[in-house]
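Look for chain A in each of the two complexes below; its partner is chain B in the first and chain C in the second.
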Partner chain A sequence: MVTLTIDGKQIIVEEGTTILKAAEKLGIEIPTFCYHDQLETVGACRMCLVEVEKIPKLQVACATVVSEGMVVRTDSPQVVNARKGVLEFLLINHPLDCPVCDKGGECELQNLVFKYGSDKSRFVEGKRRYIVDPKSKYDDLAIGPHIIRNMNRCIQCRKCVRFINEIAGEDDLGTFKRGSKTEINILPDIPIDNPYSGNVTEICPVGALTSKSFRYKIRVWQTEAIPTVCPQCADGCNIRIWKKDERIYRITSRRNDEVDEGFLCDKGRFGFDFVNHPDRLKNPLIKKNGKLSEAPWDETIKFVTSSFMKIKGETGSDSLAGVGSGKVTNEDNYLFQKFFRSVIGTNNIDHRVDSKNLLPSPDTQIRNKYFGMKNTINQIANSKLILVLGCDLEKEHPIINLRVIKARRKGSSILVANPVSTRLNRFAQNGLLYKQRTETDFLNGVLREIIETKQYDNAKSGFSSSEIEDLRRKVSSSDSLKALQTTGIGAENIKSFVNALVKAESIIILCGAEIISNPKNVEIINSLYDLIRLTGHQDKDNSGVNLLWKHSNSQGTLDCGILPDRLPGYVRISGKPGLNFNLMLEAVNQGKIKAMYIMGSDPLSEYPDREYVKSTLGKLEILLVQDILITETAKIANVILPGASFAEKEGTFTNVEGRVQKLNKAFDPLADSKADGQIICLLAQAMGHEFEYRTPKDIFKELTGVSPIYSGMDWETLGLSKKQGKVK
Partner chain B sequence: MEKILFKYIDFPEQYRIDTYIKNGGYRGLPKALEELSPVQIIETVKKSGLRGRGGAGFPTGLKWGFVPKDSQKPKFLLCNADEGEPGTFKDRSLIENNPHQLIEGMIIASYAIGAHKAFIYIRGEFAFGAKRLSEAIGECYKNGYLGKNILGSGFDLDLDVYRGAGAYVCGEETSLMESIEGERANPRLKPPFPASVGLYKNPTVINNVETLSNISHIVLNGGEWFANIGMPKSTGTKIFSLSGHVNKPGNYELPMGITVRELIFEHGGGIKDDRKLKAVIPGGVSTPILTPASLDVKMDFESLYEAGSLLGSGATIVMDETSCIVKAAYRISKFFEHESCGKCVPCREGTRWIRLILERIENGKGREEDIELLRDICTNIIAKTVCPLGDAAAVPIMSSIEKFRDEYEYHIKNKKCMVDLGTRFV
Partner chain C sequence: MLSEIAKKKISELKTKFPERKSAILPAMHMVLEEVGFYNKDILKQVAGLLGLSEMEVAETVSFYTYFPKEGVGKYHIQVCTNLSCMLLGAEGLVSYLEEKLKIKVGETTPDGIFTLSAVECLGSCGTAPMMQVNQIYYENLNRAKIDQIIDDLKMKK
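Up next, the complex of A and B:
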C-alpha cells in the first residue's frame, strides 16, 4: 500500500494505482479526454496534467503511478493554466457548432469547457476545416452504414481508433496524415462495417462520430433514459433505452463490467426497429372464414378459453400443449407453465422449437453438464486457452466474442474448430475446419493423441487407470481411426491442436448452436468433459465446458420450467412427463393434441423441417399464437394475441451465464397489445383461476418461492446494482 | 588535435571492410569479445563519460546499465540514423564514409547489453547511406563479424537496416520503435523507458550514429583516454555541422568545449562577405537562439545550457545581419507544424497557431498583442507534451522573441522587416 496526498487530503491506495484513480477515490475530479479504462493509456490529450512535488514538469495523472509520500496538486495555478491552455488549443479550430451538433447536451468538450475553460477567444486566424465536399457547407461524411464523421469537431483523442483496434480487433478505422492535419478515417471505399462499429459513436467524446439512425431526430435532453437489458442475444448486455413518448430513439450501453464492459454490438445498439415497427400487432385477431380479422379482447379471450375448455372436456388435458420462448421474460414463462400445469392440467410444455436433438434435462436442482455455462463471462478473458467449438461466436455471442479477443490480447491461445471458417479464426492460433457432423470423430482423435502420447495429467484428471484404458480403447479403435479420416483434419493438425491444449494452464471451451442442436450433442459434450479432465482442469476456476444458449432468456426459460419433465428450478415431475416439442408434433399428427398455444416462438422459421411443422400445425383445431409481429407461424394461426415488446414490459431475463437481470418498462404496450404475462392472467381468470398479480414483481416473488435456484433473489436490487442475481 | 571519428573520413574506399581494417578498424571488437565482459565494457563506457550525440546528451554507459541483466526477454540495440534535425548532417557522413566504424560500435554495444538483434533505423531519404550500410553488413557476415559465433567468441548478432518512414518525429526514440513495429510513428508515453520496455515491449537501447561510432575507439583506447579529451563533463570530440552564412560550411570534428567563435571564425572561415554576425543556433533548430554576445560560450552540454541554449546535435546554424529573425522563426514554425505527429494537443494545435501568427506578422498584419500571445502559446506547449518535439517547436520561437523582440516589434509596427532586402513577404 502507498500513502500519498492529493490537494491536502491523504489517501492510502494499492501499489500501481495511478494518480487519476487515487484522486477518483478521494472524489477529486481530474478531467480527461483520451483516457478510457478499457483502452491502453496514451496520455495524449494532456488534460489531466497535475503538479507532483519535486518533479519540475507537470505529470499526466492518467499514467503516473503513485509513490510513497507523493504530494499532488490538482488545483494549483500551474495546473489550472495548463488545463485552460489545452482547452483553448482544442477550441481554436473547433467549429463551435454546438447548436446543430448531435452531441449537444452530452459532449465532454462542452462540459469541460463549461467547467474549466475561458470565456474569451484569442484566435483570430482561419479555422482548420476538413472539407469533404467543396460544395457542401457541412463536412459530414458517412464512413459506414451506421456512422457519420465530422472531422472538424474531432479532438483527436483516438479513442475510436483504439477501440476498434484494441477491443474489437478490427482495422477498418484509422488515423491518417499527421500534425494539425491528422484525420480519423476509413481506407478509401472500405466503410467501417464491423459488428461493433456503433460503439465509436458512444466512445467519441464530441460530435465527431455520430449515429446515422439517431442524429437530428431529437435533442438528448428531450429524451428519457430507461435502464434495461438487451433482448437480442443471450449475453444480456445492460442498456439504456432513450425514449420520448412511445418511441425509442436510440440504445446505448449501461456499462456492467461483469457482462459487457460498456460495449454493445451493432445489433443490440441499432436493431430496435421492431419495437416501433408499423407492422406491430395492435389487436387480437381471429380467423373467420379463412381470414384473420380484428376482434375485441373480451371476445377473443372468451373464444380461446371456451375452445380450450371444450377440448379439455372432450379429450382431456393432454390434448392441449404450450410452447414458450427464450425471448420472453421469466415472469411470462413462469406464468405460462403455471397456466398449463394448474389451469389446463398438462405437462405438454416446451420451448425448444429449433432442434430435433434435445439435451437431457438436469437431474437435480442444479445444473448438469448438458447445461449452460460453467464459467462466468468474465472468466473467459482470464483463461489461458479458449477453444471455440461449433460456434460462430461473433454472430451468436458478440460480447463473449470480445472477451475472447481480450484474452487473445492478454496472450491467451485461441483454438477454433468449426465446419466453416468464422471471423474469429483471424485470432486463432489454430483454426481447424472439420466436415460437418464429424465433431465426435474429431474429438476422439484429439483424445487419442493425448492418451497415446501420454500427455494427460494423470494425477489431476482423477481417472483410474482402468477408466483411461476404457477411454483409450474407445478412441483408438479401428472404427475411430477410420472415422478420423472423414473429418478432413490431418494428423499434424491434431498434433499441434493437442500440443496447445496440454500446454495451457487453463482451458475454457465454448460451444455454440451447432453443438447444442447436434445429433450427437451428448457424446460431444461428454468428450469435452473427458478432455478437460485429461488435461487436469476440471476443478479450476478459469476452465470448463460452456454451452452458449441462443436467446436473451433461453436460460431463464429453462430455469422457469418450460420443459415437459421439469418444474421451475428443475424440480422433477412426479408423474409421467409431458411431451417435448418433437413429440407434440407427432401427437398432433396422431390426432392426440388438438390445441396449441405458442407464446413468442416461431417454429415455422426455427424448426429444422419447416414443411413438416407447417403441415402438422395446420392440423390443429386451435393454434393460438401470441407475438408482437405476424410471424410465419402466426400466419397459419386461428387466433393471434398481440404481445408487448421488451421495451414495454417489466420483468427479468436470465443471461447465458445465469445472471438474472431486470427489464424496465420504457412505455406502455403499443395500441391494444398487452404484456404476455397479463394475457396469460386474463386467460386463466376467464377459466376460473385466481392469477392475481399486480405487477411482474409479484410474479417474480412467487417464482423465488417456488424455484430453489432463484430463492433469495431480491427484485429491488436485480439488474440495477452490482448485486445482481446469479444462479449458482 | 587528432580526429577520432573523422580521421579516415576522406580516405579512399574507407567504407570497404579491408580498407577499414587496414586503417586500424575491427581492433576494438576482438578486444571487447576476448578480454572484456559485458559489465566491464559498460564500466569502460561509463568511465569515458561519453554522452549521447542524438540531442539529449544522456550518459551512454548509464543508459546501457539500465538494461535488466536478469531478464529472460530478448534485448535489442537500435541505432538512430534518422538524422532529421534541420542543420544536422553529420550522421550521414559517418554512415556513407565509414560505415564499419558504426557497425563495430554496434556489435560491441550489443555484446555489452546482451542483444542478439540490432537495427539501424536510417532516414528514408538516405538511400545511398542505406545501400552503403547494407553492403558493409554483407561484408561483415562474410567475414564473421556478424551472424553466429562472431570471431569464434560464441556471441551471435544479427544486424538489419530499416529505412525510415519519412517524418522528423521518427527520430524520437519511442516513435522510432513504433515505426519499426509497423505502426504510425507516434511517440509513446515515458515511463516506462526503452531500457525496460522498448521495441516489441522488450528491453532496448537506442543510440545515435555518432555515439555508437565512438565505441570501438573507447574500448580500444580505454575510458580514461576519452575522458581526457574535451571538457570534464562533456568528454570526447563532437562533430559540429556548421551551416548558414559562413565561408566554409561543413562537418567539423573538434573537442568538446571549443568556443562558438573558434568554430565560426577559425574553422568556418568567418562570416560570408565579412558581414556582421546576427545570431547562432548552436544545436539544430530545436535549440534556443544565441546572439553575438555568446560568441565566447564553450560548445559543450553544460556551457551552452548555462548560456540559455543547448548543444543538441551540435548543428550550428549561423545567421548574419541580412537575416530576418521573424522570417527565420516563421520558417522554423512551418517545419514543426509540418512535423508534429499530432498525438498530443498542445503540439498539434499550438504549432499550427504559432505558424499562423508568424505568417500574419511576416505578411505585415501583425498586432501588438501577438508577441505576448506567441509567448503564451509557447508556455502552454513547453514541458506539457508527450515528447520533446513540442518543446523543440516552442523553445526557438520563445528565445527568438526574448533575444530579438525589437525585430518583432519593428515588423508589427512598420509592417516590414528591419532588414530590408526587398523580398521579405511570403
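Up next, the complex of A and C:
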C-alpha cells in the first residue's frame, strides 16, 4: 500500500494505482480526453496534467503511478494554466460548430472548455477543414451503415480506433496521416461494419463520430433518459432509452461492469425500430368471417373468456394450453402460468417453441446441469481456456463474445468447434469444424485421447477407477472409433485440442443454440461435464459448462415455471405434468387441445417444422395470440391482443447468467395496447378470479414469496448493487 | 505488380523484427525502389506478405509523406511548411510554386511531370526553407533557386 496526498488530502491506495484513480477515490475530478479505463492508457492528450512535488514538469495523472509520500496538486495555478493551454490548442482547429453539432449538450470538449477553458480566443487564422465532398453538409461523411464522421471536430484522442482494435478485435477503423492532418478513417470503400461499431459514437468525446439514426432529430436535452435493460438477447446489457413523448430516439449504454462493461452491440443500440413501428398492433382484433377486424377490449375479453370457459366446461381444463415466451418479463410469465394453473386448471404450459429436442427440467437445487450458466459473464475473461462449442458467439451473444476476446487479449487460449466457421475463429488457437450432428462423436474422441494417453487429473477428477474404466470402454469402443471418422476431424487435430485442454489452469465451456436444440443435447452436456471433471476443473471458480439461452428472459421464463412439469422456482408438480409444446401439437392434432393462448412467442417462425405447426395450429377452435406486431403466428389467429413493448412496461428480465434486472417504463403502452400482465389480469378477473395487482412490483413480490430462488430479492434495489438480483 | 524477387524479400522481412509491424517501412522502401509509388493493391499485397492487416499497413504508410501514391507526378515536390521553414518564408514559396506550375497544393500538372505537396517537418530546419523532390533535398531556398530547380527538372523531363 502507498500513502500519498492529493490537494492536501491523504489517501492510501494499492501499489500500481495511477494518480487519476487515486484522485477519483478522493472525489477529486481530473479532466481527461484520451483516457478510458477499458483501454490501454496512452497518455496522449495531456488534459490530465497535475503537479507532483519534486518533479519539475507537470505529469499526466492517467499514466503516472503513485509512489510513497507523493504530494500531488490538481488545483495549483500551473495546473489551471496547463488545462487552459491544452484546451486552447484543441480549439485552434476545432470548428466550434456546437449549434449544429449533434454532440452539443453532452460533449466533453464543450464541458471541459466551459469548466477549465479560457474565455478569450487569441486565434485569428483560418481553421483546418477536412472537405470530403464540397456538397456534403458540415463536411459529414458516412463511414459505415451507422456512423457519420465529421473530422473537423476530432481531437485525436484515438479512443475510437483503440476501442475497435482492443475491445472489438476489429480493424475497420484506423488513424491516417499525422500531426494536424491526422485523420480517423476507414480503408477506401470498406465501411466500418462490425457488430460493435455504434460504441464509437458513445466513446468519441466530441461530435466527430455520431450515430446516423439519432443525428439531427432532436437536441439531447429535450429527451429524457430512462434506465432499463436491452431486450434483444440473453446477455442483458444495461441501457438507457432516450425518449421524448412516446418515441424512442436512441439507446445508449448504462454501464454495468458485471454485464456489459459499458458496451452494447449494434443490434441492441440501433434495433429499436419495432417499438415505434407503424405496424404495431393498436387494438384487439377478432376474426369474423375469416377476416380480422378491430374490436373493443371489453368485447374481446368477453369473447375470449366465454370461449375458454365453454371449452373447459365441455372437454375439461386440459383441452387448453398456454405458450409463454422468453421475450416477456418474469412478472408477465409468472401471471401467465398462474392464470393457466389456477384459473384454467391445467399444466399445459411451455415456452420452448424453437426446438423439438427439449432438455430435462431442472430441480430446485439450481446447479443442475441443464440450467443456463454455471459461471458469471465476468468469470469468462478470467478463464485460461475458453471452449466455444456449437455457437456463433458473435451473433448469438455479442457481449459475451467481447469477454472471450478480452480473455484472449489477456493471453487465454480460445478453442472453437462448430459445424461452420464463425467470426470468432480468427482468435482461436484451435478452430475445428465438425460435421453437423457429430458433436458426441467428436467429444468422445476428445475424452478418449485424454483417457488413453493418461492425461487426466486422477486426484482432482474424483472419478473412481471403475468409473474411468466405464468411460474408457464407452469412448474407446470400435463404434466410437468408427464414429470419429465421420466427424471430419483428424487425429492430429484432436491431439492438439486435447493438448491445450489438459494444460489449461481453468476451462470455461460455452454452448450455443446448436447444442441446446441438438437431438443429442443431454449426451453432449454429459460429455462436457466429464471433460471438466477429467481435467480436474469441476469445482473451480473460473471453470464450468455454460448453456447460453437465446432470449432476453429465457432464464427467467424457466425460473417462473413456464414449463409443463415445474412450478415457479423449479418446484416439481405433484400430479401428472402437463404437455410440452411438441406434445401440445400432437394433442391438437388428436383433437384433445382446442384452445391455445400464445403470449410473445411466434412458433410459425421459430419451430423447426413450420408447415406442421401451421397446419396444426390451424385446427384449433381458439388461437389467441398476444404480441406487439402481427407475427406469422398472429396471422392465423382468431383473436389477437395488442401487448406493450419492453419500453412501455415495468418488470424484470433474468439474463443468461441468472441476474434479475429491472426494466423501467419509458412511456405508456402505445395506442390501445396493454402490458401483457395487465391483459392476463383482465382475463382472470373476467373469469371470476381476483388477480388484483396494482403494479408489476406486487407481482414480483408474490414471485419472491413463491419461488425459492428469487426469495429475498428487493424490487427497489434490484440491479442497483452488484450482488443484488444474482441467482446462485 | 511486385516482382517475385521483391515479394520474396518482403516476406523474409517478417522474421527480422520482434514486432512484425516494424517490417512495413523497409517493405515500402522496396516497393518504392521497384514500383516508385503505391496503391491499394500494393498495400494489400504487402499486408498479405507480412501477415498484417491492410489497415495496419495503410495507416503506417499514410504517416509518411515520403511514400508517393499512384498518380503522383514524375517529380514529387514536397515543401516543408512546418515551423522553421514557415518562419523563413515557406508560405510564399508554396504560392510561388503554385503560380509557376499552375497547380494548387495536392495537384499534379496535366503533363504528369510535377506534383506539389506541402508537408510537415523534413528534419532540415538548419537549412530552412527547404523542399524535397523525390529523394533529393533542396535547401536554403528562394525564388531564384526554385526557378533554377524547376528549369533543370523540366530539361531532364
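As a convention for this text, the second predicted complex is superposed on the first by the 719 of 728 C-alpha atoms of A that agree within 3 Å, B and C clash if a C-alpha of one lies under 4 Å from a C-alpha of the other, contacts with A are read in each partner's own complex, and residues count from 1 in each chain.
The rule is simple: a residue touches a chain if its C-beta (ideal position, glycine included) is under 8 Å from a C-beta of that chain, and two chains touch if they have at least 3 such contacts.
Predicted, not measured: the structure shown is a model, and the values here were computed from it.
After superposition onto chain A, the partners chain B and chain C occupy overlapping space and clash.
More residues of chain A lie in contact with B than with the other chain of the pair chain B and chain C. Contact with chain B, but none with chain C, is seen for A:41 once the two complexes are overlaid on the shared chain. Contact with neither chain B nor chain C is seen for A:137 once the two complexes are overlaid on the shared chain. Of the two partner chains placed by superposition, only chain C is touched by A:171; chain B is not.
By the touch criterion stated above, A:120 is placed in contact with neither chain B nor chain C. In the superposition on chain A, contact of A:179 is made with both chain B and chain C. Once the two complexes are overlaid on the shared chain, A:58 sits against chain B while remaining clear of chain C.
Of the two partner chains placed by the overlay, only chain C lies in contact with A:187; chain B stays clear of it.
Chain C is struck by only one stretch of chain B after the chain A overlay, and of the options 109-117, 289-297 or 325-333 that stretch is 325-333. For the contact definition in use here, the residues of chain A common to its chain B contact set and its chain C contact set are 175, 177-179, 181.
Taken together, the chain B residues at the contact with chain A in this complex read 167, 169, 184, 189, 337-346, 348-353, 356-357, 360, 367, 373, 379-380, 383-386. Against chain B, in their complex, chain A makes its touches with residues 41-47, 49, 56-58, 60, 63, 81-82, 85-86, 88-90, 92-93, 122-126, 128, 155-156, 175, 177-182. Residues of chain A touching chain C in their complex: 171-179, 181, 187-188. If you check the complex, the residues on chain C that touch chain A are 40, 53-56, 58-59, 62-63, 120.
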